[in-house]
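Below are two complexes that have chain A in common, paired first with chain B and then with chain C.
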Partner chain A sequence: MSIMGTRVLRKEDPKFLTEGATYTADISHPKLKGAVHAHFVRSTMAHAKILEIDTSEAASQPGVLAVYTAQDIPESVAPAPVMVPVFPPSMMHRPHLATGSVRFVGEPVAVVVAETPAQAADAADLVFADYEPLPAAVGLAQAETDNTVIYEDVGSNTAVDFKNMNMVTGIGEEDIFADCEVVVEHDLINHRTAPAPLEGRSMACVWDDGRLIVWASTQTPHGFRDNLAAVYGLEAENCQVIAPDVGGGFGQKIGITADEIVLPWLSQSLNRPIRWTETRTENLTACGHGRAQLQKVKIGGSQGGQIKAYRLQITGDAGAYTGLGAFLPFYTHLMAPGVYNFPKVETTAKSVVSNTTPTLAYRGAGRPEATAAIERAVDLFAAECGLSPVEVRRMNLISKDSFPYTTPHGTEYDTGDYETALNLALEAADYPALLEEQARRRAQGSVKQLGIGVSVYVEITGGPAPGGQEFAKVEITPEGKAKVYSGSFSHGQGHATTFVSVAADQLGMDIDDIEFIQGDTDLVAEGTGTFGSRSFQFAGSAVYDASRSVVDVAREIAAGLLEANVDDVLVDAEADGFHVAGTPAVAVSWAQVAGAAQEQGKKLMHEGQHHANCTYPFGAHVIVVEVDTETGQVTVPQVVTCDDSGTIFNPNIVEGQRHGGIAQGIAQALTEEVVFDEDGNPITSNFADYGFISAAELPSFKLVPLETPTPHNPLGAKGIGESGAIGATPATQSAVVNALSHLGVRHIDIPLTPERVWQAIVDATAQN
Partner chain B sequence: MEIAVKINGEQHRHDVEPRTLLVHYIRDTVGLTGTNIGCDTSSCGACTIHLNGESVKSCTMFAVQADGEELLTIEGLAASVNATDGQMHPMQEAFRSCHALQCGYCTPGMVMASVSLLEENPNPNEQEVRQGLEGNLCRCTGYHNIVKAVLECAQGGAK
Partner chain C sequence: MIPAAFDYVRADSAEAAIAALAEHGDEAKLLAGGHSLIPLMRFRLARPEVLVDVGRVDDLKYIRDGGDHLAIGALTRHMDVETSELVQAEAPLLAAATSHVGDPQVRHRGTIGGSVAHGDSASDIPSVLIATGATLVAQGPSGVREIAVDDFFEGFLETALAAEEILTEIRVPKVGGAGWSFQKFNRRAQDWAIVGVSVQVLNGSVGIGLVNMDTKPIRASAAEAALVGGSSAADAAEVAPDSCEPTGDLNASPDFRRHLAKVLTRRALEEAGVS
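The block that comes next holds the complex of A and B.
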C-alpha cells in the first residue's frame, strides 16, 4: 500500500522536541575548537561619504585580535558572483565592506574579531566612523524622482526597466480601455515586510589544509559553496558547506550575503576558526526585506461585470544594491492577470534603488504582489459596477476546460479549476449566512461590522519557464537498507520525512530503513536548494526517478535469484522484498538482492537530476473580519482557504505550509511593515517595534482540500510553500474594505492599522 | 561571581560575569543548546525555560539571578515527568502528533511555555491558549497546530 496521502509523522521531530535541533550556533565540532568571534560595525547613516574609520580604540580592547575595514581586504577576495546580472555593474557589485560611501543603515563598514562574542560586540561600539552625510533617497516615491541619485555613474535610480529588455509589454499604442463602459484606476502600495525567520544568519568556518569548511544557516548549501569557491578561487571540492538544521528562511537565506562572504578571509588572515551569529536587529536591518512595490492598476469592462482590459504598472524597491528583489517586478508581471481570462493585459515593470536595506525573495516573491494588485482591482471594478465581488470573479475566471491556458503575456498555466476552488471556499465559510449576518449588523448599526473578503489566485512555482531541476541519489546498503541523498535542503519543510516516504513507496521499504542525507556538499554531489515552492516537485521527483531506477536493477537481480522472468517480478512492501506476481510466499529480501548485487559486481545506486517545467498552484481564500468602527481595530474570526497544489503526498506537511503562509499573508495585511523615517533610519529594527504576528491575533484556519494534479512531473505535485501568503493578504484587505463599504469606503492601504482604518471611516462619514 | 544552579536535576557551579544573561549561561557555559535565542528585546520567547516551575524568558534574567534556583530546559522536560524508553512529556507528544513544529527554532521555548500554561490553566479554551502563548513567536506554523497541540494535551493527550 502506498504511503501517499497518509499523515506520516515527521522523523525530525523527536530530536527537535527533546534536545532541540542543531543550528549553526549550536555546532560543536573539533575543528572549530578555539574559534574567534566576528562582530560587524554597521553604518548608522542611510547615505554618506566615509571620511575616516578610526579603529584604534577598538583594536586595543581586551580580547580583540583585529579590526578590519574595506581597505584591509585584499583584491584576491573576489567580488561575489551576481545572481541576476541585468543591472548596472555598480549597483550589482556590492563591496564586501562599505567602500567610499555607505548606502543604507546596517551596511557593514568594519568588522571586529575577538576571543568572545561579548568582547567583539563591546569593541565594535568603539569603532568611530566619520561620515559626511549625503541626501538620502528613501521610499519608492522619493527614489523614483531621481532628485537624489545614489549611483552617480548610472545617473538615475532606475536599476532596470524590463520594457527596455523586451521582458514586459509596456503600454501599447492601442487604447485597450476604448470599448469599456466602466474604467477604474487606483494606486496601490504593497509595502515592505521582513521575512523574519526565528533563526537569523549564522556561520562558522575554518581553513583545513587549504580546504575551506563552512557551517551556515542557508536554504541553498550548494549555492553558498559555489559563491565562496568563486570568491576565494577554490575548486568546488576544496570548499565544503554544511548546512545543519536551519531555523527558517522564507527566502532570506537564498544565496549568500556580503557579511558571510568576508568570514573565511577573517579566518584565513588570523589563522583561527571563526564564528558569527547576527543579532535580531542585524537581521531586521541588514539582511534583506520583501515586497516593496508601488502599483498603478487600471481595469475596465462592461457595466454588467465583464472585464475586458487590465493594466498593471509596477515599480519595485531594490534597496541600496540590486539583488534578487530587484528582479521580482518581472515575476509580478508574469502573473499579472491572475486567474482571469481578460483579453487585453498591459504591464510595465521596473526597479529603482533607494537608501534602504536591499530587497530579496520573501515568501511568494513577486506573486503575492501580482495577486494583491489584480484582486484589489477586481474589487474596485465590482464596486464601481455595483456588483457582488464574488459574481464578478465568477464571470471572469478562466474556465476549467481551458487548460493548458496561455495568458495574453504568454504564461502557460498547466491545470486549474478556479471556480471550484472559489465555490468550495465559499461553501465551507457558509457565505450566505455571512452575508445575512453582515446585513443584520449593518441594519442595527453595530459598532463591530462584519467584512467578508474573497481572493482567488494562481501562482507560479519552480519557475520561471522552462522550470528547474534538482538532484537525488538513492543507494542500497549491503544490509538491504537505503540511503536517500537530496540536493534540496529542508529548513523546516520536512524533507527527511516526505522524501524518504517517496523512496519508501517505490522501494517497498519501511521508512525507518531509509536514511536521509542533505545539506552537506561533500556528501551530496549537486544541489539547488529549497525556495520558490520548488522542493517536492523537483526534488521529490528526483528521488522518485532514482528509486525506480534502483528498483529496475534490483528486480533483474531478484529475477535471477527467483529463477523467474524479470517482467513477472515485483517489489512488495508487504512481502519485505521481491517475488513473482501472485506468489508472495516465495520472496527474496532487499538484503539478499544487495548481497547478490555485490557478488555480481552490480551497483544498486542511481543518481541524477530531475528536470521539470514549472507549475501553477491556485486557490481561493475567504477571510472574515470584524472591524470596530469606533477604534478601527480589526480582528479575524474566520479564515477559510482552498489551496490546490496538485497531488498531496503528506497532508500534514502540506497543511503546515498553508498555515504558515496564511499567517504571514494576514500579517502583511494587518500588522507587519518595515518602516524607515525620512532620513532612512529603520524604526522597526527589532521585534518590539516590528509587528510580528502572534497567536493572539489569529484564529484557527479551516482548510478545504482540492487536488488538481499537474502533468509536468511524475508526482503530479505543484508547490505549496507560498500559496497561503499569496491568497491571504488581498482577502484580508478586501474583508476590511467590505466591512465598511456601506459607509462608502472603497479602499484602504495595507497594513490596515487601527489608525488607518479609523481614518478611512472618519473620511467616508464626513463625505456622506 | 560564582553561582550554583540546578538544571534538569543536575547541580552546576560556575564563575560567571555579572552581566551574563541566563540564556547565554545555559547555552555557552552549561552547553545546553536546546534553548534558542531569537531576538534581542525579550519579544520572541525562543529562550523560554522553567525557573522553579514557572516559565520565564531566560534572556530577561542575569545568570547571577538564578543562583540557588532550579531550572528546567527542554532537554530535561521528558525526564521531569519520568518518561522512559524514548517516551516524551505529553506536551512534546502532542506537538509531534499535531505537526506543531516545522523549523524547530521556536519549539523548545514554545513547548516550555505551553507546559507552564496548562499548569496555570489546565483546561483552557482556544482563546486562552492563544493569549497565553502571545509572547512566543513562531514563523512557520501560523500557530494553528501549536494551539491544537496544547488543547489536545489539555484534553488528556494527543490523538
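The block that comes next holds the complex of A and C.
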C-alpha cells in the first residue's frame, strides 16, 4: 500500500519542538574554536562618492584584529554576476565592498574583525567614511527619468530592455484594441517587500590544511560552494559547505552575497576561523528585497465581457546592482496572460537601477506580479462593463480541454482546470451567501462593509522552460535500511518527510528505516537547491528514479534467493521485503538482499540527476474582507483557496506551504512594504516598522484540494511553494476594492493601509 | 544589534537606586522591564553609561487599596495589573488598556512605572492616567512628592521627574461603577497604537486621554470642555484633536491621525455611555 496522499507527520518536527534547531550561529565545531567575528560598516548614504574612509580609530580599539576597506581586498573576491541576459558590466559586477562610490544605504564600505561580536560592533561605530553626496535616484519613477544616472559609463539607468533582446513581444504596429467596445487602462504598483526570513544571513568558516570549510545559512549549498571555489581557486572537493538548520530563505539565500564572499579572505588573512551573523536591520536593509514593479495595464473587449486584448508594460526596480531581481520582469512577461484565453497579448519589460537595495527572487519572483496585474485588469474591465468579476473570469478562462495550451507568448501550460478551481473555491466560500450579506450591509449603510475578492492564477514552477534538474542518491545499508541523499535543500519545506516517503513507497520500507541526508557538499555529490517551487518535482523525482533503480537490482538478487523469475518478484512493504506475487508468506527481507548483494559484489546504490520540464500550478482564491469605512481599517474574516499543484504526496506538507504563502500574499496586500524616504534612507528597518504579518491578523484558512497531475514528471507533481503568495495578494486587493465599489471606488494601490483606504473613500465620496 | 558598552549597578531598594542616580548623574538610566530602554540601546539610539537596575526592588511591586484610590507600585508588571481583580473592579479602564500593551511577552516584562516614566506619547497607559486623573508619586534625594498627571508629561520623552528621582507609585482613583472605553487603532495585534483613546465617565464628568496625538501623552481638553458645555458625544469628538500636534510617520499622516482621533473619541464616548 502506498503512503502517497497520507498525512505523514513531519519527521523533522520533534527535534524542532524539543531541542530546537541548530542554526549556523549555534554551530560549535572544534574547528571553529577561537573564531573571530566580522562586522560590516555600511553606507549611510544612498548615493555618494567615497572621499576617504578613516579606519585608524577603529583599528586601535580593544580586541580589533583588522579593519579592511575595498582596496585591501583583491577585486576577484566578489560574487559571480547574474549573467542572463547580459546587463551592462559595471551594473552587474558588484564589488565586495563599495569601491569609489556607494549606491544604496546598507552597502558595506568596510569590515571590522574583532575577538568578540561586541568589540567588532563597537569599533564599527568608529569607522568614519567621508562622503561627497550625489543626487540619488530613489524609487522607480525617479530612476526611470534618468535625471540622476547612477552608472555614468552606461549613460542611463536602464539595465535591460527585454524588447531589445527580443525576449518580449513589445507593442506592435497593429492596434490590438481596435475592435474592442470597452477599453480600460491603469497604472499599477507592485511595491517592494522584504523576504524577512526569521533567521538572517549567517556564516562561519575556517581554512583547514588548504581546504575551506564553511557553515552557511543558504538555500543552495552547492551553489554557495561553487561560488566560493571559483573565487578562491579551489577544486570543488577542497571546499565544503555545510548548511545546518536554516530558518527560512524566501529567495534571499539563493547563491551567495558580497558580504559572505569576503569572509574566507578575512579568515585567510588573519589565519583564524571567522563568524558573521547579520542583524535584523542588516537583513531588512542590506540583503535584498522583492517585487518592486510599476505596471501599466490596458485591457479591452466586448461590452458583454469577452476580453480580446491585453497589454502589460513592466518596469522592474533592480536596485543598485543587477542581480536576479533585474531579470524578473521577464518572468512577469512569461506569465502575463495568466489563466485567460485572450487572443492578443502584448508586453514590454525592462529593468532599471536605482539607489536602493538590490532586488532578488522573493517568493514568487515575477509571477505574483503577473497575476496581480492581470487580475486587477480583469476586475477593472468587469467594473467598466458593469458585470460580475466572477462571470467575466468564467467567460474568459482557458477551458480544461485545451491543454497543453500555448499562450500567445509561446508558453506551454501543461495541464489545468481553472474553472473547476474557481467553482470549488466559490462554493466553499458560499459565494451567494456572501453576496447577500454584502447587499444587506450596503442597504443598511453599515460602517463595516463586506468585500469579496476573487483571483484565479497560473504560475510557472521549476522554470523557465525547458525546466531543470536535481540530484539524488539512494543506497541500502548492510542492515537492509536505506539512506536518501538529496541535492535539494530543505530550509523548512519538509524534505526529510516527503523525500523519505517517496523512497519508502518505492523501496517498500518503513519511513523510520530511512535516513535523510542533505546540505553537506562532502556528503551529497551534486545539487542545485531549493527555490522556485522546484524541489518536489525535480528532487522528489530524482529520489523516485534512484529508489526504483535500486529496487530493480534488489529484485534480481531476491529472485535468486527465492529461486524465482525476476519478473514475478515484487517488493512489498506489508511483507517486509521481496516475494513472488501471490505468495507473501515466502519472503526475503531487505537485510537478506543486502547481505546477498555484498556476497555477490553488487551495489545496492543509485545516484543521478532527474531532468524535467517546468510545470504550471494554478488555483483560485476567494478572500473576504471587512472594511471599516470610518477608519479605513481592513480585517480578513475569511480566506478560501483552491490551489492545484498536481499530485499531492503529503497533504500536511502541501498545506503548510499554502498557509505560509497565503499569509505572505495577504501581508503584501495589507501590511508589508519596504519604504525609503526621499533621500533613500530605509525607514522599515526593524519589525516594529516593517509590517511583517502575524497569525493574529489572519483567520483560519479553508483549503480546498484539487489535483490535476502533470505529465512532466513521474510523480505528477507541480510546485506549491509560491502559489499562496501569488493568489492571495490580488484577491485581497480585489476584496477591498469590492467592499467599496458601491461608493464609486475602482482601484486602491497596495499595500492597503488604513490611510490609503480611508483616502479612497473620501475621494470617491467627494466625487459622487 | 549589540548595545554600546555600559556599566551595570543593581539597586535593591528605592533609596539605593536614588543614590546611584545621584552618583552617576546624567550618564545613568534606570532599568525597569527594559522593554522601552533596551530596544533603544540595541539600536544605539540610547547610550547610557550606567544602568541602575531596579528590576528586583520588590518593595515597589504591589497593588493596594488606598481608600479612594488604588496604589500601584511602579515596578508592577503589566501582566499583574491586567489580571488583578482589584484593578479590574476598581479601575477597569486601566485593566483593559493594559491588556492591549504589546503582547504577553512584553506584558510579563514591562512595568507600569516604566511605561509612565518613559513619557512616550505612543504608550497606552499614560492616556488612562490622564482620563482617570491619576497622581504620580516620585521619590528623590530630598524626599517624596506627588505630581498630578496633568503636570507630569512635559514633552517628547520628557517628564517632570528629575534626573535623580524615581517614580515609585501610581495612584488611580477607584471608580467601581464608572463608564469607560479604551480604543486602540493599530494594524497588527502587537503593534503600538497609531492613535488611541481612553475615556472614563464618572458622575457625569468625562476624562479623555489620547495616545500618539502629540509629542507627549495629551488630554483632549477641547472635547472635554465641549461635553461640559452640553455638546453631544459626536460633536465633542469633532474637537478631540484640537490643540494636538500629531506627527506624521509610516503609519499615518497628521491629518489622518486627527481624523482617527475624532472617530475613536466618538466611539469611546458612546461605548462609555455618553450620547
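In the analysis below, the second predicted complex is superposed on the first by the 758 of 768 C-alpha atoms of A that agree within 3 Å, B and C clash if a C-alpha of one lies under 4 Å from a C-alpha of the other, contacts with A are read in each partner's own complex, and residues count from 1 in each chain.
Here, a contact is a pair of C-beta atoms (placed from the backbone, for glycine too) under 8 Å apart; a residue touches a chain by one contact, two chains touch by 3 or more.
This one's a predicted model, so the numbers in the text were calculated from it and none came from an experiment.
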Scan A:Ser694 for contacts with chain B and chain C and give back first, second, both or neither. both
Check whether A:Ala46 is in contact with chain B, with chain C, with both or with neither, and answer first, second, both or neither. neither
For A:Ala326, using the defined touch cut-off, is the partner it touches chain B, chain C, both, or neither? Pick first, second, both or neither. neither
Identify the partner contact of A:Phe250: answer first if only chain B is touched, second if only chain C is, both if each is, neither if none is. first
For A:Gln493, using the defined touch cut-off, is the partner it touches chain B, chain C, both, or neither? Pick first, second, both or neither. first
Between chain B (first) and chain C (second), which, if any, makes contact with A:Leu562: first, second, both or neither? neither
Which partner chains sit in contact with A:Arg280 here, chain B, chain C, both or neither? Use first/second/both/neither. both
For A:Phe16, using the defined touch cut-off, is the partner it touches chain B, chain C, both, or neither? Pick first, second, both or neither. first
Using the touch definition from the top, say if A:Ala258 reaches chain B (first), chain C (second), both or neither. neither
Between chain B and chain C, point out the one touching more chain A residues. B
Shared contact residues on chain A, chain B side and chain C side combined as an intersection? 118, 279-281, 686, 688, 694, 696
Under the definition above, what is the set of chain A residues touching chain C in their complex? 117-118, 121-122, 125, 279-281, 630-631, 633, 670-671, 675, 683-684, 686, 688-689, 691, 693-694, 696-697, 753-755, 758-759
Hey, which residues of chain C end up touching chain A in the complex? 1-2, 4-5, 39, 43-44, 185, 187-192, 194, 250-253, 256, 259-260, 263-264
Hey, which residues of chain A end up touching chain B in the complex? 7, 9-10, 12-14, 16-23, 25-26, 28, 118, 196-199, 245-248, 250, 279-281, 491-494, 652-653, 655-656, 659-664, 686-688, 692, 694-696, 698, 700-701, 724
As the complex stands, chain B meets chain A at residues 17, 19, 27, 31, 33-41, 43-44, 46, 74-75, 77-78, 86, 88, 92, 95-97, 99, 101-108, 111, 126, 129-131, 133-148
